[in-house]
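Each remark here refers to the structure printed beneath this line.
Per-chain residue numbering starts at 1, and chain names A, B, C and D are given in the order in which the chains are listed.
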Amino acid sequence: MIDLSHLRGDFPLLEREINGYPLTYLDSASTTQKPVQVIDAVDTYYRTINANVHRGAYTLAAEATDAYESSRAKVADFIGASHANEVVFTRGTTTAINFIAYGWGLNNLGEGDKVLLTVMEHHANVVPWQIISRYTGCSLEYLSIDDGFEVDLTTLDDILDERVKVIAVSGMSNVTGALGPVTALVEAAKAVGAIVVVDAAQLVPHVPTDVSQLGADFVAFSAHKMLGPTGIGALWGKPDLLERMEPTEGGGEMISDVQLYESRWAPVPHKFEAGTPPIAQAVGFGAAVDYLSKVGMADVRDHEQAITRYALDRLADIPDLTVYGPPDVERRGGAVSFQLADIHAHDIATILDQYGIAVRAGHHCAKPLMRHLDVPATARASFYVYNTTEDVDTLYDGLIEARTVFGLT
Amino acid sequence: MTSLDELYREVILDHYRNPRRRGSLSGPHVHAEGQNPSCGDEFFLDLAVEDGVITDLAISGQGCSISQASGSMMADNIVGKRISDVREITRKFKIMMSIEDGDNPVDPERPGSVLGDLESLQGVRKFPVRIKCADLAWTTLEDALDQTTE
Amino acid sequence: MIDLSHLRGDFPLLEREINGYPLTYLDSASTTQKPVQVIDAVDTYYRTINANVHRGAYTLAAEATDAYESSRAKVADFIGASHANEVVFTRGTTTAINFIAYGWGLNNLGEGDKVLLTVMEHHANVVPWQIISRYTGCSLEYLSIDDGFEVDLTTLDDILDERVKVIAVSGMSNVTGALGPVTALVEAAKAVGAIVVVDAAQLVPHVPTDVSQLGADFVAFSAHKMLGPTGIGALWGKPDLLERMEPTEGGGEMISDVQLYESRWAPVPHKFEAGTPPIAQAVGFGAAVDYLSKVGMADVRDHEQAITRYALDRLADIPDLTVYGPPDVERRGGAVSFQLADIHAHDIATILDQYGIAVRAGHHCAKPLMRHLDVPATARASFYVYNTTEDVDTLYDGLIEARTVFGLT
Amino acid sequence: MTSLDELYREVILDHYRNPRRRGSLSGPHVHAEGQNPSCGDEFFLDLAVEDGVITDLAISGQGCSISQASGSMMADNIVGKRISDVREITRKFKIMMSIEDGDNPVDPERPGSVLGDLESLQGVRKFPVRIKCADLAWTTLEDALDQTTE
């Protein structure tokens, strides 16, 4: 197992005590902690460069613009985009997917058209399409999940036809950790001329991702899930699609001309960035991908696979514990959802919290999947670069304690 | 006793595992639904009222031990009582849980004398994020009561 | 004149040197500098509290939620809202206005309906309505600007009828500094049952604003223009309107239930906050309004009026200099646009920058207004709490120098 | 000389104040438009070409001294020249301005010998945000030239 324990010192928050115990942070699928390199980048930006971008002929504004645009280049580079202009900064994954749903969907979908989703999608990749289906009359179709917690492709042939205009799929489930069948769906989409949208909120932070190889048309992800600040994310799109897509938000900076009754848009990517962008956050995002690049995404993935394997093994030793997710760490990431005996997930989270262990409990913004799994809620531990096998051991001890509190022996 | 033991007292786990009055009513009743979107807890209530007295109730839905136990204890506590008395119990409960302001009505010398098993929920107060779990059943109840007087 | 010079020490960036001169920052209408109190609030959040909000049963998540929601309460309080839930956090003014245009407009506007704007609007309050008019078939109408650079209300009676469904007006122009005729337009709107949207990007930061008195239905503003972080702003709305308005973005956290084909929304304000919100930025926003409250908005306004008066007086001494904006500081704020002889605004900005003076040059995202004024661009100096009359003197000297560079004597 | 004096040389201000070949063409010509959205500069070009030679051109639009002077000097420099030569001038100009890579073609011993008045724009290089002002006319010219060969 790759040893990344030297990284822990970069994360000030991991030094916190919670309820008298050192914090064991196991909720990185929700949001990650930030290294000093990111925190300081934001801080330094405000102290030394802060100005609005793109609009200024003075030195500070030029420096701010450089900082902002060079972060765009870093993020583009990180995901293998061929050009910085293929990356649009958004508020996060959710906004990125809404931008596609509105900008592309409102203008290209209609009665009879279909959007194909999977049952394991996060609400961020469900609700925008529901909204657009209400406005356009298009309908939604779903691929189900098989017994191995992976997307069931056996019904694909039945569903797939020329009316499918969009296939939107998660690169990795934030509940089960299962990788999404992106490659298969890209093939399927090609056959019918659909576009493929990848919700990569859990993919880009955890698995080396090269958009030039992936075959998808749009890829959305969030900085805060990959060591970066809150308030920013990215939408990568194929150049010709970004070119043709309408902007969702209108405002300053996204126009080349505004007349009273009509306007012309600025070139990509600026036409999608109306108003003052999250500038300091972009700078922090750049620092985050610098950090991850230095660690190396292959090592990040290796580390997480090892820790996930270790976690799955240890959890298997706990009586009455069910894991919802693929057993094979080649086919999954480090989000591990589980149920312990009859203890409600919320109670598990409370008990663990008493020992300083932070896990998520609930529907994880994936209610369709929870219904499919027939559980109202699960507890979820999820890992990132700073987690260690000791964290897993602490989790194990906490779960044994939860059994005791609930009178199970 | 640790805070955890205080939170998960045996009587609470008993109500969680053996919830009273689960099901639904077939006769005339009002229906109310409560939800806790942040954790997904659901609480559904059928309430039968005759001449200002709660004659029957049935509970469905699902959730954590605190929300389910709170509902189960509530059921035990209000059937057969007048609506006005139930409103008073609700008020006392909410004050006990620091959901509403007031002097804690519970008598520490005589545990259970004021709100019965419900008093065992006081341990939740040390867990502020869980208070809304304890409250879910009662907010739903208030909704149901409001319907009966409409 | 109220002396706020003691505040300058709170702003680290003001200590910068630019081209060998101390920075004279005169571009606060574009974005303001940040006091250490705001920078540190963001920093401390990442170092000690960082977790995702609303979804966690563990201590950190509860603390993060508290921090986020208490910032909402602070912002609500700052603008006189009766309840924190009347404030929706958005990415900024632009996103806030787009949320109204989509959420309210797409669902309430149609062929024959009219949206009434003014010629002095920022693109953020023009382009969203153009987009919605394209989707719904509604049309746009404009109130013009009179010779005193204020909104011309003489044509209002001709335009106003029951088909006017929205009146959207800037509270203060970012070009001329002119205050918008909000009160008059609120009255007009009442007569025909229209809603009133106030673009308060320049109003809330500079003029004490009480939404409970204003009479508007929606008020939008940005944190970064009032000492706060980039990446966040607020939409205030009347409770019943927020209740009835559809969300624009769909995703996590804004739902109470998601089924495969339909969803139910969470209560206001959360139904408008899809996905992970800008949490650290909200915390910084809270610190910014704390700071402004401590200074006192009445004093902020006094200070700016004094400095604007001083600036207008000094600029009047420069030959061939034209100011575009009302002369009476009671009727305006501190954004002062001007043209100097035949020197293009961009050249003015470059020359001033050589002396460390930061002013904006261009169309200020207000092309319709520039066309109306018949200038391709203006230079603009704008003031905030940290500016002094010495800054104005430095500007004066810089402009005299610009004349020399351009061979005017 | 200060950087400002180098930027705003007299010859530049002269071209700014007395721009050459303003207006539009009435005979056969191609038209191209360039814009600099960040500052609002606009550059419109009418270009008449016969047998591979630029026979006439006319400029309209507005902008800062640098963008207007650059366009005016360009006009002076290219009328009567073959398209291939004009492309070469464009290349040299862009290299001189560090917009494209290459060895600066200008001969410091003999100012003006390579690109004429245009060489006075070298002072812009010290002002990176203004380089696109100097470039606007040339990008628009390239657009126009591309149209003639289509």
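The rule is simple: contacts are C-beta pairs under 8 Å (C-beta built on N, C-alpha and C of every residue); 3 or more make two chains touch, one makes a residue touch a chain.
Bear in mind the structure is a predicted one, so any value in this text is a computation, not a measurement.
Participant: Fewest touch steps from subunit A to subunit D?
Facilitator: When the steps are counted carefully, the minimum from subunit A to subunit D is 1.
Participant: With contacts defined as at the top, give the pair, B-C or A-B, that has more of them.
Facilitator: Of B-C and A-B, more C-beta pairs in contact link A-B.
Participant: Could you give the separation in Å between the centres of subunit B and subunit C, each centre being the mean of its C-alpha atoms?
Facilitator: 47
Participant: How many angstrom between the C-alpha centroids of subunit D and subunit C?
Facilitator: About 38 Å, centre to centre.
Participant: Could you put a whole-Å number on the gap between the CA centroids of subunit B and subunit D?
Facilitator: Measuring from centre to centre gives 80 Å for this pair.
Participant: By the touch rule stated above, which residues of subunit D touch at least two different other chains?
Facilitator: In subunit D, residues 38-39, 129-130 touch at least two other chains, as defined above.
Participant: Hunt down the residues of subunit A that sit against at least two other chains at once, touch-wise.
Facilitator: Residues 55-57, 61, 255, 257, 346, 350, 361-362, 367 of subunit A touch two or more partner chains.
Participant: Once you've mapped the touching chain pairs, tell me: line, ring, star, complete or other?
Facilitator: Graph shape here is other: it fits none of the named patterns.
Participant: Got a list of which chains touch which?
Facilitator: A-B, A-C, A-D, B-C, C-D
Participant: Which residues, counting only subunit C, touch subunit B once they are in their complex?
Facilitator: Residue list for subunit C touching subunit B: 54-57, 61-62, 255-257, 266.
Participant: Provide the residue numbers of subunit D that touch subunit C in the complex, in ascending order.
Facilitator: Going by the criterion above, the answer is residues 2-5, 7-8, 10, 13, 17, 38-42, 62-66, 68, 127, 129-130, 133.
Participant: In the complex formed with subunit A, which residues of subunit C make contact?
Facilitator: 12-13, 16, 18-19, 23, 25, 27, 30-31, 33-34, 38-39, 42-43, 46-52, 55-61, 91-95, 97-98, 101-102, 106, 119, 122-124, 126-131, 135, 140, 142, 222, 224, 229-232, 247-255, 257-263, 274-281, 346, 349-350, 352-353, 357-362, 365, 367-368, 371
Participant: What part of subunit A is in contact with subunit B in the complex they form?
Facilitator: Checking each residue of subunit A against subunit B gives 342-347, 350-351, 354, 361-363, 367, 370, 376-377, 405-407.
Participant: Help me check something: in the complex, which residues belonging to subunit B touch subunit C?
Facilitator: 35, 37-39, 128-130
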